[in-house]
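After this come two complexes, each holding subunit A, first together with subunit B and then together with subunit C.
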Partner chain A sequence: MVEERNNGGKGWVGASLPRKEEDRLLRGRGKFAEDIKLREMLYLRFVRSPYAHARILSIDASAAEALPGVACVITGKEIAAETQPFIEIGPDHAQKIRDFPMAVDKAIYQGEPVAAVVAESPGIAEDAAEMVNVEYEALEPVVEAEEALTDRSVLHEAAGTNRVWNGVWEYGDVEQAFKDAAYVVNIDRLHFHRFSSTPLENNVIIGEWNPKDDRIYYGCNNSFPSFAIQFLAAHLKVHIDKIRVQTFDIGGSFGIKITSYPQMAVCALASKKAGGRPVKWVETRSEHMVASAHGNERTFRNTRVALDKNGVITAIDSKHIDDCGAYPRYEPLGCVIWSQVFCGVYRFKNARIDFWQAVTNKCPVGPNRGYSRMQHLWFLERVIDICAHEIGIAADEIRLRNYIRPEEFPYTTPNGCVYDSGNYPKMLEVAKGLIGWDEWRKKQIDAQHEGRMIGIGIGTTLDSGTNNFGQSQIINPYAPFSGNSQGANCKLDIYGEVVVAVGSCPQGQGHETTAAQVVADVLNIHPDLITVRTGFDTERNVHTGMSGTYASQFAVSGLSAVHGAAQKLKTEMKRLAAFLLETNEDELAFGVGEQGPEIKANATGKSINYWGLANIVNVNSAVLPESLYDVTLNCRYVWRAPFKVPDTKAKYGSLTLTYASQLHIAVVEVDRETFVPKIIDYVAVDDCGTVINPPIVEGQVYGATAHGIGAALMETCVYDEVGNMLTSTFSDYTPITSMNIPKIKYGHTSTPSPHSYSGAKGMGEGGAAPIHTISSALQDALFAHGIVINDSFNNADSIFRALKAHDGGQRAELVKLERKQASSAK
Partner chain B sequence: MYPRPFFYHRASSLQEAVTMLSQLGTDAKFLAGGQSLIPLLKLRFANPKHLVDLSFIKNTSFIAENQNAIRFGAMTRHAEIEHSALAQKIPVLHDCAAGIADVQIRNRGTIGGSLAEADPSGDWANALITLDTTVHCLGKNGERSLPLKDFVTDAYTTALAHDELVKEIEVKIPPHGSGGAYIAFKRSAPVYPSASVAVQLTVQDSVCKEAAIALGCVGLTSIRAGEAEASLRGKSLNEKVIETASEAARAAADPQSDMRGSADYKRQLVVALVKRAIQIAMRRARGERVEGSHLYA
Partner chain C sequence: MPENIAPQKLDVTIRINGKTYARKIEPRTLLVEFLREACDLTGTHVGCDTTYCGACTVLMNNLAVKSCTVFAVQADGADIITVEGLEKNGKLHPIQKAFGDSYGLQCGYCTPGLMLATHQLLAENPEPDEKQIRKAIAGNTCRCTGYVNVFKAIELAGRNMKGASVGD
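Take a look at the complex of A and B:
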C-alpha cells in the first residue's frame, strides 16, 4: 500500500499519493465495457476464415438465419455495398487498398472475419456461427515480408503490390565516413520478432445504430476513440457528431485496442440490420490472439557500420523491412515513427536507412507498447553490442564513447528531432552501482573458468512522447494531420464541487490521481477534494481529434491541458472573488477554511467558499454585475504542442516533444544442461524528468519491464509456412506470469524537461529496454561460443539450437569485421 | 467461449454415475474437476450431449493410509495432495501435485480425471508409473483393479470402458532405502510441461539396487527408459554412471516438435531432468529431506 508522502516538495505534484482509482479497481468494483447491459441487447459472433489467403466462393447463411434466436447474419459483401472502404494513410498505390471490416472477395489472414451472426444470446450466436457455410478456394499465402516484396502473390490486387511504403532517410556524408573508418562491421540480418501485449481485458464493443434519430452509440474499450471516430464516420458515411463513443475502465490496451474500429463498424452495421437493437461483441482470448492486432515485425538487412579507432560510430547504412500484416490500418505511420529516435542515445551524424514496409498474410499490426521505436532502438543496441564484441571494447565503455553527452542537450538529431534533456552516463553509473557491476564482472570470469555461461548486458533506450502528427506528412504529403493537442475541462459545479474531465481513457495509468494532483496545486486544496472524470465520452465535449491514451504523453499533453483548464478556472474564480470580497485580484489567498475550499481576502480576512462562488454564477445570477457575465466557472482548455510541420522532402523536423530514457542492466546465466536463460540480477533505471507521482511511475516501470522480459524470452507469434497461427492460446503463447519475473532493482535519475510546464516527460511505454538488455546479456554469455544475438526473441530451445547447429557459432556467417589499417593509423 | 448445448446430470453415487453413463450412451461423459474437459468444450473440440458430474458424490475425495499403501479417492484434488502430510511419505506425490499448472487448476483438477484423460503431457500418469500404482475401477460389471501400466494404453486412451470410471488410486509406499523424484520442465506455470521425468531408486551402501525411470511428454504415453534403468543397477552412482543413464534416456525419448520445444531440445531436456531427478532421488533414498521443484523457463 502506498502511503501519502510529499517527498520534500512544496505541492502535490511530486508527492507519493495512493491512486484514487486503486480502491475501485483492486476490489473488483471497476466498471468495464463488458459490465454494460442495454435493453434488448443482441450478441455478435464472427465467422472467421481458417485460411491465411483464400478466395471466398460463396457464403450460405440460411441455416444460421433459420435458427431460433438469430436476429440476422451480415457478410462482408453487404457491408462493402453500403460503406466506403476505410481511410488509408499511405500515399499513391497504398490509397488503392480496399479495407473493409470483413473480408469481401477474399480473406487475407487467418481469423479474418467473413460474416457476423447476431443473436439473442452469445451461445446462440456461437451455435449459429458454426452453421454458416463458407466455400473457399485457397490461394498462395505469403508470410515473410521480404518474400512479400517480390510480389509473387499479391494480397491487395487493386494496389498491385505488397509494398506499402518505402523511403530513404539519409543525413551527413555516409560514403566519406566509410572511407575514413578504422573499422567497418557488416551485419547480414537482424530480426525483431512479432509479439503482442495480451491485455487482461479483450476487446469489447457495444454498437447501437438507433433508427429513431439515426445516431450511433458505442460503449467500448477502444483506447484512441477520437482517431476511431474519424475512421468510422467516413466509412459509415455519417456526420461525425452522430457518433457517440463512451469508454469505461479499461483492463489494459498497450496500443492494441487502438485498431478496434473495424469491429466497431461491424457492431453498428449489424445493429442497423437488426432494426436498431444494441449489439455487443465480447472478444474471446483466441480471437484476440489470432485477429486483434500484433506488434510490428522488422528485419534489418545488409547493415554496415563505420567506426573510428576508438570505437566511436561514424556512420550506419542499413535496409529495414517492416511487416504490417494484412492491412495497414494505423500504418504506414510506423514507417516514420521510428525516426523519432533516429540515432537512439548515440551521437553519430552520418546515416542512411532505406525503409520498406510490406503486407503479409498475417494478423494486421497495431501500435503495440514501444511502437516502431523499440524495433529501431533494439537494432541500434544490437549494432553497438556487435561492434563492441567484434572490436573488443567493453559494453559499458563503447556506450560511454558514443552516448550523446549531458552538456549537449537540448540535442538536435541528424533528422531534426530535439531531445529535450537527458544524462545517459549518469544513468549508467547509477545502474552499475545498483547491480554491482565490478563484482559481477569478476564472478563472470570465475564462472567462465568453470565452463558456465554468464552474460552481463546493457540496454539504453528512449521513450519518446507527445508526437508531432505532422510526421505523417513525411509518409504522405497529403495527410491532413500535424501537431498534437489534448483537451481538458475544469469546473466548479453548481454546488461548488471541483470537477475535472479529460479526453484520455486510462488503462491503469492513474490519470484520476495525477490530474487531481495538478489541480490541487493550482487551487491549493487536497486532491481528495477534486473529482476527476476519466474515460472518453464524446458528449462531454472535452476531446480534440487527438484525444485518447497512447504514445507516452499524458504527463505532458494531458496534464498540460488539465493545468491550463485549472488556471483558466482560477482566473475566473479570482475575478468573482475580487468583486464579492471587494478587493484586488492579486490580494487573494486560495485555501481551505471552515466551510471547505475557499478564497480569502488578505486585507480583511473575509472569505467566500466555492459554493458561494458557484451559486452566484449558476443560480443566483441577479447578483452578478454585467462585467462578469463571461464567467462560467466551466473552463475548457486545449493544450497544443509547439510543433511545426516537418520538412517532408528532407525528412527533417521535430517529431516528438519529450524523451524519457531507460537504462537497464541484466545478468543472465544460460544453464549448461537445460539452456534456460535465467535472469539472475536485474536493474531498471528510469528518467522521465520531473516525477508527478513516484509510485505510479515505478508501477509503469515494473509493468514495462515485465512486458519486455516476456517479449524477450517467452512471447512470440508463430506462423507456419501457410499462415496458420500456432500460438493462438495462452498455453502456446505463454505470456509472462509473476513466476517468470525476477526481482527488479529500481533506480531513478531526473533531468527535467524544458519542453513541458512541469518538467515532466511522457512515460509508460518504456522503450522495450528489457528486450535490448537481454539480447545484450545473452550475446555476452554466448559470444565466446561464436554466437551473435541476431533475433529479439531467444528462449532455451533457440539457444540450444544455435549452439548445436553451428559448430563454432553462426557469427562467422552473420558478421564480418573489416579492419582498415591505413586509416586507423591516421 | 460457449460450448454446444448439453444436458447436465448430477450423480449421487459412483454406481449411479456408471448406470447413467451406460444409459445415456456414448454421447455422455463424466465430469470431474473439468480442467481438461471444460476447455475442450468451450473451444468446441469436444461436444458431448450429456455430462454426468461426479463432484457431488460423497467419499470420493480422500487420502488414506492402508497396509503400506496410500489410497486416493478419484475426486481428490491436486491441491489436496499438494498439502497432504500423508502424501509427503512419498515425495514424488508432492513433487507432482505442487507443480501442476496454477493454484486455480490445482484446486479443481482431480487425480482420477488426470489419469482418465491420459494426456501425453499430463503429470500424474508419468509420476506414478515408477511406483507400484494400482487403479481401482468401477463399471457395469462391478470393480476391477489394473496396474497403472496396463491402464493407460495410448495417447488420450485408457483401458476404461465408456461407462467405467476410476474409483480409487492406490500407491504402495516404497521400502526403506528407496527414494524418488519427479521433475517437469515448464515454460510458465499455467501450461503443460515440455518434458518430465520420474525416477525411483533403491540404494544400498551407495550401490543402486533397483531403478525406475519414466519420461513424460516425449511420446504417446509415458516411456520407461529401460536401458537407462539397467545402466544404473548394481552401480555406485557417480557422475559418469548418471551421465550414461541420462544419455540412454535421451535415446529412449520419442518427442514431437511443437510450441513446447523442438524434438531435439526436448531430448536435451530429458537428459537434464534425468540427471537432476537421479541426484534428488539418491539423496532422498539416503533419508535426506529434499524440496523438489519443477523447473520453469
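Take a look at the complex of A and C:
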C-alpha cells in the first residue's frame, strides 16, 4: 500500500492514510446489496405506465398470475387499501396530496409503477410483467413548471392545484436600491436544467415482512435510512422499531438513493402478500433513468439587478420557479434549502426572491449532489457575468468588487445564515495563477483575431454542509424537524478490540478510514487497530433520526459524533485504569506496548492492555468496585449542531453550520464549424477548512468536478412535449467518460471553520462549480456574437441554435441594460 | 411464458479464474448473470444493461468484454478472468495495487471492470500514454473519481509492471 504521509500534522487527522475500504473493493469482495441472497428469495418486477398522465381504467393480471413461478401480483389499489399515504412535508393544500408507492387511480409520470409482479426468478418476473394488461385513458400532460402553475391540467386533484409551495424572501430596501442604482440589468429568463448524477449501482432493495415475528427487514442501498424508516413506519402503519434497515457497500448515491423508500414499501408489502418470503428488486438502468429521481429543474423569471457605478450589486429582485416532478416527496425542502446560500459569495444586502414550486408530469426529483443550492448559485453567477458583460467590467474584477471580504467572517447573510470562514479573493488569486490568467487573456485576443471563439470563465460557489432541519419550518410551521444530529458508538469489545459504529451510510467517501483516524488520535494508537463497521444498520442502535449520508456533513456531524464517542470511551478507560493501576486519572499515558494497545501509569510504569480493561468490565466484574459499575466501555455519543429554530415569518436564522467554497476557472473553445464546446484548460481550487485526509478530499473534488462538467455539457434529462423521457438509457443520457474529462489542475486553500471541533468543513457536493464556470466561459466566448448564456446545459446543438436562430444573437431579447446616468453621476 | 413452450435448459461449461463451472441454464442467461447468479462470483457488477458503462467487464479468452452483452452460451468453453481471479495467492495484482495506491476508486463499483479493461490495455501496450489510457477505458464509466486518479493508477500499474507480463 501507499506510504502514509503525515503532512506535518501531529496526529492521524490530516494524514494521507490509505483507505481501509480498498482491500475488499480491489479484490472484488465488496458486498453490495445486489450481492445478497436470502433463502426462499423472490424477485420483483414493476409494471410501469407508458404515459406521463393517464387514468388507469383496469388492470388484468390474470395471465401473469397463471404463469408458473409467479408468486403474486400487487397493484397500487391494493396498497392504497392497506396503507396510509406517505407523509407530505408541504403545508395546507400540499398536505392533501395522496402519494402512494404505486399509481392508484392515475399515473402522473412516465415510468410510474402501477403494479408489481413477484416470481421465483428475475426472468419469470420480467416475462409475467409483460403479461399484465393495463387499460389507460390518456390525460393531458404538463411538462413545464410555468405552464403547470396555470392549473390547466391538475396532477393531484385532491390538492386542487399544481402549486406545491410559494413564499417571498425579502430583506433590506429593494425599491430604494433600484431608485439609487447607477445601472439596472433586466434578465427575462434563465433556466437550470434537469439532470441526475446517476450512481453506477442502481437502486436495490430486499424487503422481507416476516410473519413469524411480524418484523420488516430491509437489505438495501438507501442512503438516508433514518429518513426512510420515518416515512415507511407511518405509511405501513407499523411501530418504527419493527423495521430494520441494513446497508452494505453502496455503489454511489449522490443523494439520489435517498428517494428509494416508495420502492422499499412495495417490496415489504409484496413480501407480506407472498407469505413472508423475502422479495428482491434490482432496478434496471432504464428504470433508474425514468423513475428513480432527477435533480431539481428551476426557471428564473423577470430578474432585475441594481448596481452602483462601480458594478457593485446593491439589489436583486427575481421570481424563481422550481419543478419537482410528479410528487413532492423529499420536497418542498428544496424551496428553502437554496436560501442557505441566499447571497452566494456576495455582499449585497437588498433582495427579494419570490419562490414557487410546481408539480409536473415528470419523474419526481430528489436531492441530487449540490441539491437546491447549486441552482441558486448558478443563478447568482449568471447574474454576475451578465452584469459584468453588459456594463463592461472584467469577470474577475466584478467578482472582487462583490465578494464578501476575508475580514468580514464570520459573515451574517441578509437571511441570518452565518458563513463560518472563507477567503474568496485568495482562491481567485490561486486559481488565476494555476491557469495562467494573463497569458490566456492574451491568447484569447489573438484567437479572436483569427475568428476563433475562446472564452475564460470563473465560477465561485459554496458547499454548505450540516444543515439545520429547522428550515423545514419555514416551509411548514408544523414540520416537526429542527437542528441536526448524528450518533456514533465507540467500544472496547469483550477481548479489547476497538470497534466504531456511526450512523452514516457511506458510498465511497472513506468514512471507515477517516473515522479511524479520529479515534486513533484520541487513543494514541494506529488506525489499523481500529475496526469501523461497514454500512448502516438500525440494529446497531447508533443512529438518530437524521442519520444517513447526505448534505456534505460527515466531516462535521459524523466525525464530531465519532470524536465524542471516543472521548467518552477514553474517560471510562481512564477511570478504570486509574483504579486498576492505583494512580490518578491524569497520570496515565495512552499508547501501545508489548501486549498491544494499553494504558500505562506514569509513576510506576505498570500498564494494563485493552484486553485487561475489557475483561474486567465484561466477564470478570466481581473485581470492580461499585463506584465503577456505570463503566460499560460501550459508549454512544450523539452530536448535536448548535442551531436554533429559525424565525419562520421573517425567514431568518442560521440554516447551515459550515460553508466550504470552490473556485473554478475554465478556458473553453467553441469549434467554428461544429459548434462543439471543448474545455482546453481547467482549474479547481477548493477550501474545506481543516482536511482530515487530503487524497480523499482531492478525490471528492475531482468527482464533483466531473459531475459538473458532465451536467454542463453532456447530461440532461430530455422530455418531449407529452412527457416521454427521451434519455432513458446511458447511451442517450451519455454520462461523462474518460474521453470528456479535461486535465484538471487542482489547488487548495484552507480557512479552518470555527464551527467544528476540528476546523473541518463538510464537503463533497462541490456546489456544481463547473456548471457555473462553463456557462461563464461560454458567455465570454460568445458575448461578442450577441449570445448570453441563459441555460445551465449547453452543447453544440444549443449553441448552434443560439447563434443561428437569432439575427445578432438572443441577447437583445433576453437582457436589457438601463444606465441611470443621473444617479451614477452623484 | 408458459412452461410448455419454455425453451429447454442448456448445458454450459466455462472456465473461470482457472476453475471449471458446469451449469444448466436458460438460453437467455447473460454471461454476467452466469457469473453472479450461477457461480456466485459477485465481484463483476451491472451498471447500465446497454454496454455503455463497463462495470461488467471481464476477460474472455484474454479479451476485455462486457459480460452483460454476451450470452453465457456464447462463452461455452471459454476462459474467463474476473476480478476475483486477479490476485495470486492472496497477493494483489500490480493493477489492483496501483488502483489502491493512486486512490483510483471511491465506491468501488466500477473498479473491477476498470481493472480488467486496464489488464487488456497493458497486455497490448505496456507503456500507454495518456491518450491511449483514456481511449482504453472510454467504455468504462466511473461516477465517483472523475477518472483523474484512475488515469494515475493505470500509469502507475504500467510503470510497476515494466518487464513483467500482465498475467504474472
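Here is the rule we go by: the second predicted complex is superposed on the first by the 822 of 826 C-alpha atoms of A that agree within 3 Å, B and C clash if a C-alpha of one lies under 4 Å from a C-alpha of the other, contacts with A are read in each partner's own complex, and residues count from 1 in each chain.
Going forward, a residue touches a chain if its C-beta (ideal position, glycine included) is under 8 Å from a C-beta of that chain, and two chains touch if they have at least 3 such contacts.
Being a predicted model, the structure only gives us computed values, none of them experimental.
S.K.: Can A:Arg405 be said to touch subunit B (first), subunit C (second), both, or neither?
M.R.: neither
S.K.: If you stack the two complexes on chain A, which partner ends up touching A:Gly251: first (subunit B), second (subunit C), both, or neither?
M.R.: A:Gly251: touches subunit C, not subunit B.
S.K.: Could you tell me if A:Arg441 is touching subunit B, subunit C, both of them or neither one (first, second, both, neither)?
M.R.: In the superposition, A:Arg441 contacts neither subunit B nor subunit C.
S.K.: Name the contact category of A:Val718: first (subunit B only), second (subunit C only), both, or neither.
M.R.: Touch partner of A:Val718: subunit B, not subunit C.
S.K.: Report for A:Asp127: first if it touches subunit B alone, second if subunit C alone, otherwise both or neither.
M.R.: In the superposition, A:Asp127 touches subunit B and subunit C alike.
S.K.: Mind telling me which of the two, subunit B or subunit C, contacts the most residues of subunit A?
M.R.: So, of the two partners, C touches more residues of subunit A.
S.K.: Check the residue A:Thr284 against both partner chains and state whether it touches subunit B (first), subunit C (second), both, or neither.
M.R.: The answer is both, since A:Thr284 touches subunit B and subunit C.
S.K.: Quick one: classify A:Thr737 as touching subunit B (first), subunit C (second), both or neither.
M.R.: both
S.K.: For A:Val676 in the superposed arrangement: first (subunit B), second (subunit C), both or neither?
M.R.: first
S.K.: Contacts for A:Gly703 in the overlay, against subunit B (first) and subunit C (second): which applies, first, second, both or neither?
M.R.: second
S.K.: Taking the contacts subunit A makes with subunit B in one complex and with subunit C in the other, which residues are shared?
M.R.: 123, 127, 284, 286, 730-731, 735, 737, 739
S.K.: Where on subunit C does subunit A make contact in their complex?
M.R.: Within the complex, subunit C contacts subunit A at residues 1-3, 26, 28, 36, 41-50, 52-53, 55, 82-84, 86-87, 92, 96-97, 99-103, 105-112, 115, 133-135, 137-151.
S.K.: Flag every residue of subunit B that touches subunit A in the complex, lowest number first.
M.R.: These residues of subunit B touch subunit A: 1-2, 4-5, 43-44, 102, 185, 187-192, 259, 261-262, 264-265, 268-269, 271-272, 275, 295-297.
S.K.: Tell me, which parts of subunit A touch subunit B in their complex?
M.R.: Residue list for subunit A touching subunit B: 122-123, 126-127, 130, 282, 284, 286, 671, 673-676, 713-714, 718, 726-727, 730-732, 734-737, 739-740, 795-797, 800-801, 804.
S.K.: Quick check on the complex: what are the subunit A residues that touch subunit C?
M.R.: The touching residues are 1-2, 18-19, 21-23, 25-30, 32, 34-35, 67-68, 123, 127, 197-202, 249-252, 254, 284-286, 507-510, 695-696, 698-700, 702-707, 729-731, 735, 737-739, 741, 744.
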